[in-house]
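Below you'll find the structures, each written out as structure tokens.
In the two complexes below, subunit A is the common chain; its partner is subunit B in one and subunit C in the other.
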Partner chain A sequence: MEKLFCVGKSVIRKDALIKAAGRARYAADYEFAGMLYAAAVRCPKPRIRILSISDSRAKKVPGYVTLVTYKDIKGPNKWPLVINDYPFLPETEARFQGETLALVVADTQKAAKTAARLVEIKYRELPFIDDPLKSMEKTAIKLYGEDNVFSKFVIKKGDAAKALKEAHTVVEEEFATNYQVHSYLETQGVIAVPETDGGLTVYSSTQCPFYVLDGVAAAAKLGYNKVKVIQTVTGGGFGGKEDVPALVAAHAAICALKAGKPVKLIYDRKEDFNSMSKRHPSWSKVAYAADKDGRITACVVKYVLDGGAYSTLSPIVLWRGTIHAAGPYKIENVFIETYAVATNKAPCGAFRGFGQPQICFAQESLIDELAAKLKMDPVDLRLKNILRPGDKTATGQMINDSCGLEELIKTVRERTNWDDRVQNAKYKMQNAGDIVTGIGFSAAYYGVSLGAKGRYLDRAGAYVNIYKDATVAVNVGNTEMGQGALTVLSQICAETLNAPYKNIKLEEVDTSKVSDSGPTVASRTTLMSGNAIIEAAAPLREKIFKTAFDMLILKGADAAKPMSASDGVFSIEGITVSFAEAVAECWSRRLKMGEQGWYAAPHTSYNMDDGQGDAYVIYSFSATAAEVEVDLKTGVVKALKIHAAYDVGKIINPTLAEGQAQGGILQGVSWALYENLVYKNGIMLNPNFTDYALATTADKPEYDITFIEKPYAGGPYKAKGLGEVPLIGVAAAVANAVKNAAGVRIKSVPLLPEKIWRELRNCLKVTPSAP
Partner chain B sequence: MKKISGGNFKLKCLVNGRKINREIEPGRTLLEFIREDLGLKGTKEGCGEGECGACLALVDGKAVNSCLMAAAQLQGGELVTIEGLKGRDGGLHPLQKTFMEEGAVQCGFCIPGVIIAAEALLRKNPAATVDDIKMELTGNICRCTGYEKIIGAVKKAESLM
Partner chain C sequence: MPELIIRPRTLKELWKILPTISAKRKYLAGGTDLVTAANAGFDACDAWVDISGLKELQSVKETKTSVLIGAGVRIAGLEAWGAVRRWLPVLTAAIPHFASPSLRNMATVGGNAANASPCADAVCALCAERAEVILELKGKKRRLPLSALFKGPKQTGIKKDELITAFEVPKWPHTGAYLKLGPRAYFGISKAAVALAIELDGDKIKSASVALASVAPVPLMAVKTAGCITGRILSPETARAAAALVKTEVSPITDARSDADYRREMCGVLLERALLGCEERLKAEG
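Then we have the complex of A and B:
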């Protein structure tokens, strides 16, 4: 492999300085002359008929400017996303507690909030549904279509029913998972600024500026070339700033057009909880069948996601869950049916893992149960069945050479001393003290980028512009939200051009500067924008390298000898030319020093009718082991250490990659053990960080992380995608560790102490068996 | 800015080493005073109810949730915000340096608050152990990093203070 000077190095983040110094400008930090503030009026009940909206009392608040309702929407009142069932603002019916009914505009934030509270909504309460399984019953009231199902998918491979009937061993269980709230530290925020040509500039905290462009252009009925969306420094996303910032921005845009002034709309934490997207709660029933040697012969899954009041991204989230529902195993007979269902609660959408963590929790918990029933070691059972190069997935897709799953599993087994622990750790609840420890395993795979269901969005652009002074500006359409895109993409650009890393600047994403590059999701940014940058940089590289070579020859170098290029220096046998000198010479030669790049993902061949074909172009892989302790008196679990190994292709920046892994793992631990959003009768009971607990420094486990880099030929410098991979397998590993430690199988996330305590009491009535 | 009612409060204090004499609304929180009246935007609002630590500022050397404190309570006191932290050479503060070097910064929204909490800890306990650091930072939510590199950066800064 060629020697790299920048890719693969832990260079310091491009945005580290401004963030550590407190100088990074987030949406709430922007100020504009004459700026006004908007605040939302929110639906108080799970489902209402709106009779009237009046601002007669709100008007009396000093500084009050105007009320904005659906009548102010300029275009069709449908937020364009996937199914388009979500109105920008409701007209006659509102469908979840917290839905924006209207907005008020005032000259201070406080006045806007006060006025919003004084807007009078006359309404009639309507019957509602808060349970997705009830929503699927024939007699249920209808919220969406004829069956309340936003979306359904199937995968049919072989004859799963027959294989199940004929199997030596069968396990079947039901599982459930609760919401997860993104809890990005920066709440949703946007400023819409009217421009003199009737257009708008929108400053948005978002992962997906082009979705914001879609939303604002539609609501304001403006040509796309009259709307400019600029991404502000974004204080965390994790999927929570994928789709919904477009809705928030559309609201601000309508307010700004009506008021004729810049309007800032910043959510407070409670309304962010109440109205923004979440990880879907799920219900699933999973069955595995195996022969006497532990070969898995069939998998049957029914998987239901609680979509909430509007479909938003549920169809796509569900599809990703569907594709991965059988787990990373080669299985001849698979039947998977999945549903995303309407209820009268906050619409759920993207959250790191995107429909996979829920079903991974279920199927990886059940794999351990299968191992127990077969009296096999759960790691041995996995090794017997995992996908290796040349094997086919549940959709019949052949796994290529970029698959290190076997090595990952063996690495984690070794690093945990798995064999010793499992052999020596006989279940000893009767004579143990109050605290027992255990270890659990999980394996997962992850289709990188959008795959067949999102193929029309799966492209990305870049513009690379080299100035006369040899500094480089790069425009891309994918965003930095904390994950490190600015840095990793700068490294890719520096490496390709042989430019010093410090010379590269990634510009803030501006939808007027680069073509629609799709969303910043699905661990696709390094792959997609990275490839687009390489494509843009390739002709520049050729010019600079040729010019540098010419200059070296003029300086007396031997043309027959090879030229080396590293860290901004070109050289032949000790004679050198710098990147800056070569660039200056290119400019003197009047060469074109700015280039566009474009990368479209390779074709996928997936058939939606039977779920067979190539679903994603490439997969990343993970193996995760959790060490936990369980307090048998209270049921409290603590995650002590997480061992994980990942194959995400080439690592561009090891420190950043490790940071992604640690952060993803802790989000997984937090979801598995602590985070518990509660709805009662369609009302959210704990929309705050006091009652919705997140993992803190005190809850953090130790991390033991290994990367095994299986190169992907189609990736930039052989990289695949990382961001979502570390979270997916954590909850299952934790649940398997709890089983190993305390002998109880908890089949729902979060693994709250009371659930474990209850199971322990039940379990004490029977004779415990070996794990 | 429209005056609400009740007359204004004359606040005298020291902010990042500078004397400040300012009339403020009596009901103003310290966070509003910092962000809106002084225009110091490095201090963040994450939750508005003292749960996340994004709004921490140093008041008389102690880290406080500025969203929960009335600005008027600062009377005669000294406020230091993230903008006021400096190294001995007037450049970057050691914590800012180690946060950069250790990769402790991701989205960055929690970081000013975390650095303020760490500064308050190291002022009273210059040889804080990893456990001390963990306990001190339990009031700071970071959703990105998994805390490992943050704790490492604070520990590393001790030798540079």
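Then we have the complex of A and C:
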């Protein structure tokens, strides 16, 4: 293969300077002449019957413009997403504390906020449900359909019940995980600007401009060609700006249409906490069976996600969790049943890992328990059972050659000195006083992009336009949200065209410039937009390469010798033509220098009845080991070091990949140990960063990250997808390390000191000689 | 945030100007609590009286028998004063546990007391140092033990318009510790914190004070525990006894931050560790 000059290099981020210098323009930074401000009026209780909404007091606030309610929605009052049960604004019933009931528009943000507080809601409190398991009970009040279940899936393979009964060893446990809040630095924000033709331009902080387009066009009842959505620099997403920005933008849009002026709607942190999406809390019961040699013979899972008040993305989050619920193992007998359930709390949705981290925590914790029961080393047990090329997943899909899981596990085992640490007591002997140390392992796989359940959305477009001066503008439909898409996609474009990296500019995503490219989620952007760019750039490449060759021959080069192309220079035996010269010549030959590209994911299949099929086109893999220390008196855990190895295909930019891995690990540690959103009686108690603690740099573990690049032939320059992979296995590795260190199995995330302390106290009661 | 913020330059100017302002007013010092509350919509003032310009509140003074800390001194500024480092070991130990570097740059000692949170780190440390608080109203001064200022969560005995101007801490030859258990390594509100100040005579505890944060409605002086260890040898046995007793003096609650039984237990763990740390230091110093 040709030597790559740009792909695989740690070039500097395209957005490094503007962000470091504070010049990036976020939604809140935009100003328009005559701009007004909106503020939401929010539901004070978990479930209410709305009797009336009055602005008679709010009206008196200087600068007050208008009240906006569901009556101002032009189209059907259903936010189009998956199941479409979420009204843009509630008409008679509101279903969670913090739900937007109405909006107030005023000429300053302060006036809007003040007036919103003065809007009088007359309501009657209704009975509510805050526990998903209770919500599934027959006698529960009904929030959704006949059973409060938004969505359910099943995977049936072999005869799991029989295998369980006949097994040599069986383990079964219940696990739970709590919310995770995205905690993006930039809260939700949008500006809707009415245009003279009756249309709207929407400036939105979002991962998914085309979802915003869907939402705004529906609420405003406008043709898609009258709505233009422009993504502003987005200060973090992590899944939290997948679906919900469309709702926020739809609210701003109807405010702007009613007021006839641009309207800015910026969330404060509290309302962002109260009303925006979260990682689903989960409950699960998992069982594994094994024969006497440690071969896993069966896996049975019941997995329940707390969907909150409306379904939003729960069905597809649940689906991804379902597919991966048995873990990265070849198992003949599998029975998985999963449910996403309605409760009267904030609707949950996408969060890095998308339904996988919760069930991975459960099943990878249980794999360690299985190893303990079999008296096997947990890494050996994994190596005995993991998926290798040619093996079949729980859904019966055959794993192809792009699978480095075995190498990953062996790499991490070696880099941690695993065998020495676990089998040799000397490490334990070093423990002194109240502090003990331990190490834990986990393995995971991750289906890249949307898979069979989202296949109708799994396509992406690109437009590559080369100007006369040889600078290049690229339009794509996937977004930069901090993860590095601008840079990685620029590298792919530069490499394909043999253009200097500095010549490439990725434009802000504008829905009027490129066809609907689906969401920027599921670690799919490098793969999907990367391939679309390559497709757009291919005919341009052909023209430029041919023109450069002609020019070299004219300059006296030997046509029989091969032409090399690297870093914007074409050459034959020392005679050179630059990219700029070649492009200028193309233009003087009047060649077409702008091209569209389109990439649709290859076919996937899924049978809803038995959950069998080729669920995803390709998988990424991870192995993670956590070294922790546990304070036996306080229960406080510190993550000391995380060793991880990833197979995500070709690495386009090593520095950015390392950054994604470190960020994913720290977010995983944060979820595992610290983040604890508390609801009491349907009211969120800590919707702020004072009391919702996330890891800071002081809690950061040391990182030891290895990439093992198993090329994926279908990926751009053989890349797969990375963004979510590093987070998924962290909590399980940490929990396994806590067990190794302190001897207690914590079966719920976060592993709060209180829980560990309680478990340790219980152990002490049973065996006074324990640590 | 209110429309009106007034920034007097001297105390005299403050007392003169106050009657001209709406009665719905509050003092603004570092703003780290007040601005946050206002942003969250919890502040309904017409005016803030910004006291950060009052020179009288800005410095630390040393007398023969005490150290006077101006209420306007920023937390981050405390360490710069030799008298604080020399005479207030518990407060010095508490500084790194106080919020974050950026908040320490803004927050003031006086504000930490006026806000009257039971979790206030600087206040808890100052209570153990046996600080008195000095208050002033229209030129009239009064003083009381700092621990007596607090009536409940966010409630003090400060009268309308009365201003905390300083804290007076007696010079006594003590050592001590500030141990805090928060939600993460740093920058968090404590689940429990212990401030310990002890004066030693050889290896005997001649005098002791113990203050605790976040385990009672107010920053709590554990008087019985302090009494119990006074006169005893600084030893693991004493530390264990103190740990057992302090658990009976606190009255923690269960809330979004932690659980009551855990907090109670941690008071013992932290106090035992604080005493053992002092013992180790004593041994190391020979």
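Structure notes:
In this section, the second predicted complex is superposed on the first by the 757 of 771 C-alpha atoms of A that agree within 3 Å, B and C clash if a C-alpha of one lies under 4 Å from a C-alpha of the other, contacts with A are read in each partner's own complex, and residues count from 1 in each chain.
Heads up, the rule we're going with is that a residue touches a chain if its C-beta (ideal position, glycine included) is under 8 Å from a C-beta of that chain, and two chains touch if they have at least 3 such contacts.
As the structure is a computational prediction, the values presented were derived from the model and not from experiment.
Once the two complexes are overlaid on the shared chain, A:Ala28 sits against subunit B while remaining clear of subunit C. Of the two partner chains placed by superposition, only subunit C is touched by A:Val636; subunit B is not. Contacts of A:Lys468 after superposition: neither subunit B nor subunit C is touched. Note on subunit A: of its two partners subunit C and subunit B, the one contacting more of its residues is B. Residue contacts after overlaying the shared chain place A:Arg49 against neither subunit B nor subunit C. Shared-chain residue A:Ala698: touches subunit B and subunit C both.
After overlaying the two complexes on the shared chain, residue contacts for A:Gly484 are found with subunit B alone; subunit C is out of touch. Of the two partner chains placed around the shared chain by superposition, neither subunit B nor subunit C is touched by A:Lys162. Contact with neither subunit B nor subunit C is seen for A:Lys555 once the two complexes are overlaid on the shared chain.
Of the two partner chains placed around the shared chain by superposition, subunit C is the only one that A:Val678 touches, whereas subunit B remains out of contact. The residues of subunit A shared by its contacts with subunit B and with subunit C are 268, 688, 690, 694, 696, 698. Residues 113, 117, 268, 270, 633-636, 638, 673-674, 676, 678, 685-686, 688, 690-691, 693-696, 698-699, 753-754, 757-758 of subunit A are the ones that touch subunit C when the two sit in their complex.
On the side of subunit A, the complex with subunit B involves touching residues 10, 12-13, 15-26, 28-29, 62-63, 107-108, 111, 182-187, 233-238, 268-269, 481-484, 655-656, 658-659, 661-667, 688-690, 694, 696-698, 700, 703.
Looking at the complex, you find that subunit C touches subunit A at residues 36, 39-41, 181-189, 255-259, 262, 265-266, 269. For subunit B in complex with subunit A, the residues that touch the partner chain are 1-2, 4, 41-49, 51-52, 54, 81-83, 92, 95-97, 99-103, 105-112, 115, 133-135, 137-151.
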